[in-house]
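Chain nomenclature is as follows: A, B, C, D, E and F, assigned in order of appearance, with residue numbering initiated at 1 for each chain independently.
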Amino acid sequence: MTKNKIDKFGEERERLNQLVKKYAGVNSQRFLNIDWQVYKEGALDAKTKELMGLVSSLVLRCDDCIMYHLIRCREESVTDEELEETVAIGLIVGGSITIPHIRRIWDAWENMKQNNDI
Amino acid sequence: MTKNKIDKFGEERERLNQLVKKYAGVNSQRFLNIDWQVYKEGALDAKTKELMGLVSSLVLRCDDCIMYHLIRCREESVTDEELEETVAIGLIVGGSITIPHIRRIWDAWENMKQNNDI
Amino acid sequence: MTKNKIDKFGEERERLNQLVKKYAGVNSQRFLNIDWQVYKEGALDAKTKELMGLVSSLVLRCDDCIMYHLIRCREESVTDEELEETVAIGLIVGGSITIPHIRRIWDAWENMKQNNDI
Amino acid sequence: MTKNKIDKFGEERERLNQLVKKYAGVNSQRFLNIDWQVYKEGALDAKTKELMGLVSSLVLRCDDCIMYHLIRCREESVTDEELEETVAIGLIVGGSITIPHIRRIWDAWENMKQNNDI
Amino acid sequence: MTKNKIDKFGEERERLNQLVKKYAGVNSQRFLNIDWQVYKEGALDAKTKELMGLVSSLVLRCDDCIMYHLIRCREESVTDEELEETVAIGLIVGGSITIPHIRRIWDAWENMKQNNDI
Amino acid sequence: MTKNKIDKFGEERERLNQLVKKYAGVNSQRFLNIDWQVYKEGALDAKTKELMGLVSSLVLRCDDCIMYHLIRCREESVTDEELEETVAIGLIVGGSITIPHIRRIWDAWENMKQNNDI
């Protein structure tokens, strides 16, 4: 994922989030707020939480969720080795059905690194 | 989703359904027939059933299924508020992993309304 | 499910909910609060929302969630026919993998009716 | 699973199926009929179809469905090696999350063989 | 799927697999090796195993996995009837939520046949 | 989960694992070996990996897998707060459908602590 693609991913995400907020009732709004809070540093640091968000998204096989946490992982300075061990757990737990998503993880990661995007 | 996009979604769906029917054996044909019958008005009205089809598709995270039921919801005159409460149930039951699909729901719904498509 | 079993289901659920609350941080507490609010009457009535909760739980195949919503459905005076049409949508959407859960739905429903439990 | 347990599994299954049929509307009845037909010998033989039913049930992690197809596999004279290769595909596709179900498969299979149950 | 599309699918798959291997640790590498071995002829022939891989991918709803096994099914000379019966089992087990994937199966299959691709 | 229950869980698990190994072919054996290796300390420490195993098991809703990782978490001296934040991520990602499993997590955790089991 080149810088351009990450920017586009972020912009489209922001555009759609505005739409979601426009229609969201009070319960949905509260959920969206918690969804943000839960990854903030607490007893566990933010990096560990992002890796957890990533592995959860991987075993549930949600590309958009994976990409969001992958960008956050890079912001949290996750190393290649840490990412690989996280992906390996997702692969073993979730099976070969996760492989297409793992391909897209490394493709995006490689591009982020080549472009020193974040 | 503009009128054009809805039309294209419907046309592609129809083209592929013809292919499915071409290859379908008797059991598959019977299933496809039931799949149609089960949403018809009975003890519950058609609108309620479409909302059930939508929330089921949302928690199972199937975009094509969601889009089909969303178009049907609009045909059944579902209001913004009814759609929001249905989506909120799907969000709470299915978790943040459903959010990317919810973004696409509101994007399509907004477009349907702006174009007064159905 | 006899009255005795429903009572036990409710008591064990209550006991465990106390434990969950004991350990729950602020985000979990907020989630549990929304989880309650989202089924309250709004643009859609409570019965429709419970049927949605039931069909979502059925396609996701969670027995505890199914049983909770089934008890609530009976409290909301859902008829046999309404329940059957809801179950049929879950069966068609979710496939034969839902059948073991449907067996348990009707077993519990039959018992609730025989004992005029709620 | 001893002969006694298999008998009980079958009897309870039959009792609940009667309940399902009692409440089933026409669409549910039709589905239950197809669910039977689809495993009958056709272009593919019955044994292959039962192995497919088993691997599908394994990756979807439904114990009741697994046990039903396992009994049918034994009726179709599936060998240890054929069962192992089927289970291995389910394990690789579905990941370690399938292991608890695989444990129960071999426990039941071992008992079926020891008691020469079917 | 025309020959061109199959080629592109294969080439992109190969490009990404190279990336996966570049980053893969020893555990991931071992998994990828098993993922290949498990479909090789043994007590069950390769065709039967590919059909199992297909039906597993269908009920788990993974398009990339489906497409890989579909191409392999054609290489193993699976007939229309065998494919249809396999798809029908996936449809009944997994429900209507699998239909969008089944549409894409027949679209790809039709194209493979028209172009005598493999 | 009292000490007695944890012991029984471990013993039954061990008994069944012996059965799995008895029938396992070379691919299954290799998988089971990787499944062990992947949680060993590397770039990430063992505690972090067990928390990842737990959150993955929670969003995939596998009680046996959850219980195994919960016991391992206690062995790795996970604190109440660390467990709560991990569970909260699973709850938000996976939705209310995970709540029955979260109830069982805290019930087991409370018992482990009261009995100072590990």
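Simple rule for what comes next: a contact is a pair of C-beta atoms (placed from the backbone, for glycine too) under 8 Å apart; a residue touches a chain by one contact, two chains touch by 3 or more.
Computed from a predicted structure; not experimentally measured.
K.L.:
Can you check which chain pair, A-B or A-D, has more C-beta pairs in contact?
P.N.:
So, comparing the two chain pairs, more contacts are at A-B.
K.L.:
Any idea if chain C and chain F meet via the same residues, over half in common, or different ones?
P.N.:
Homomeric contact, different residues on each side for the most part.
K.L.:
Determine, among E-F, B-F or D-F, the equivalent of interface A-C; equivalence here requires over half of the contact pairs to be the same by residue number.
P.N.:
Match found for A-C within E-F, B-F or D-F: E-F.
K.L.:
Going by the average position of its CA atoms, which chain sits the greatest distance from chain C?
P.N.:
E
K.L.:
CA centre of chain C versus CA centre of chain D: separation in Å?
P.N.:
Going by mean C-alpha positions, chain C sits 27 Å from chain D.
K.L.:
Report the inter-chain centroid distance for chain B and chain D in whole angstrom, where each centroid is the mean of the CA atoms.
P.N.:
Measuring from centre to centre gives 32 Å for this pair.
K.L.:
Between chain D and chain E, what is the gap in Å from one C-alpha centre to the other?
P.N.:
Using C-alpha averages as centres, the distance is 24 Å.
K.L.:
Averaging over Cα atoms per chain, report the distance between chain C and chain E in Å.
P.N.:
37
K.L.:
Can you pull out the residues of chain B that are in contact with at least two other chains?
P.N.:
25, 27, 31, 34-35, 38, 42, 56-57, 59-60, 65, 81, 84-85, 88, 91-94, 96-97
K.L.:
Once you draw an edge for every pair of touching chains, what topology comes out, line, ring, star, complete or other?
P.N.:
Shape of the chain contacts: complete, all pairs touching.
K.L.:
Which residues, counting only chain C, touch chain F once they are in their complex?
P.N.:
13, 16-17, 19-20, 22-25, 27-28, 31-32, 35, 56-57, 60, 62, 64-65
K.L.:
Which residues of chain A touch chain D in the complex?
P.N.:
Contact set of chain A toward chain D: 59, 91-98.
K.L.:
For chain F, which residues count as touching chain C in their complex?
P.N.:
Those residues of chain F that touch chain C are 61, 80-81, 83-85, 87-88, 91-92, 96-97, 99-100, 102-104, 106-107, 109-110.
K.L.:
Which bits of chain B are touching chain D when the two form their complex?
P.N.:
These residues of chain B touch chain D: 25-27, 30-31, 33-34, 37-38, 42.
K.L.:
In their complex, what parts of chain B are in touch with chain C?
P.N.:
Interface residues on the chain B side: 31, 34-35, 38-39, 42-44, 48-49, 51-53, 55-57, 59-60, 65, 79, 81-82, 84-86, 88-90, 92-94.
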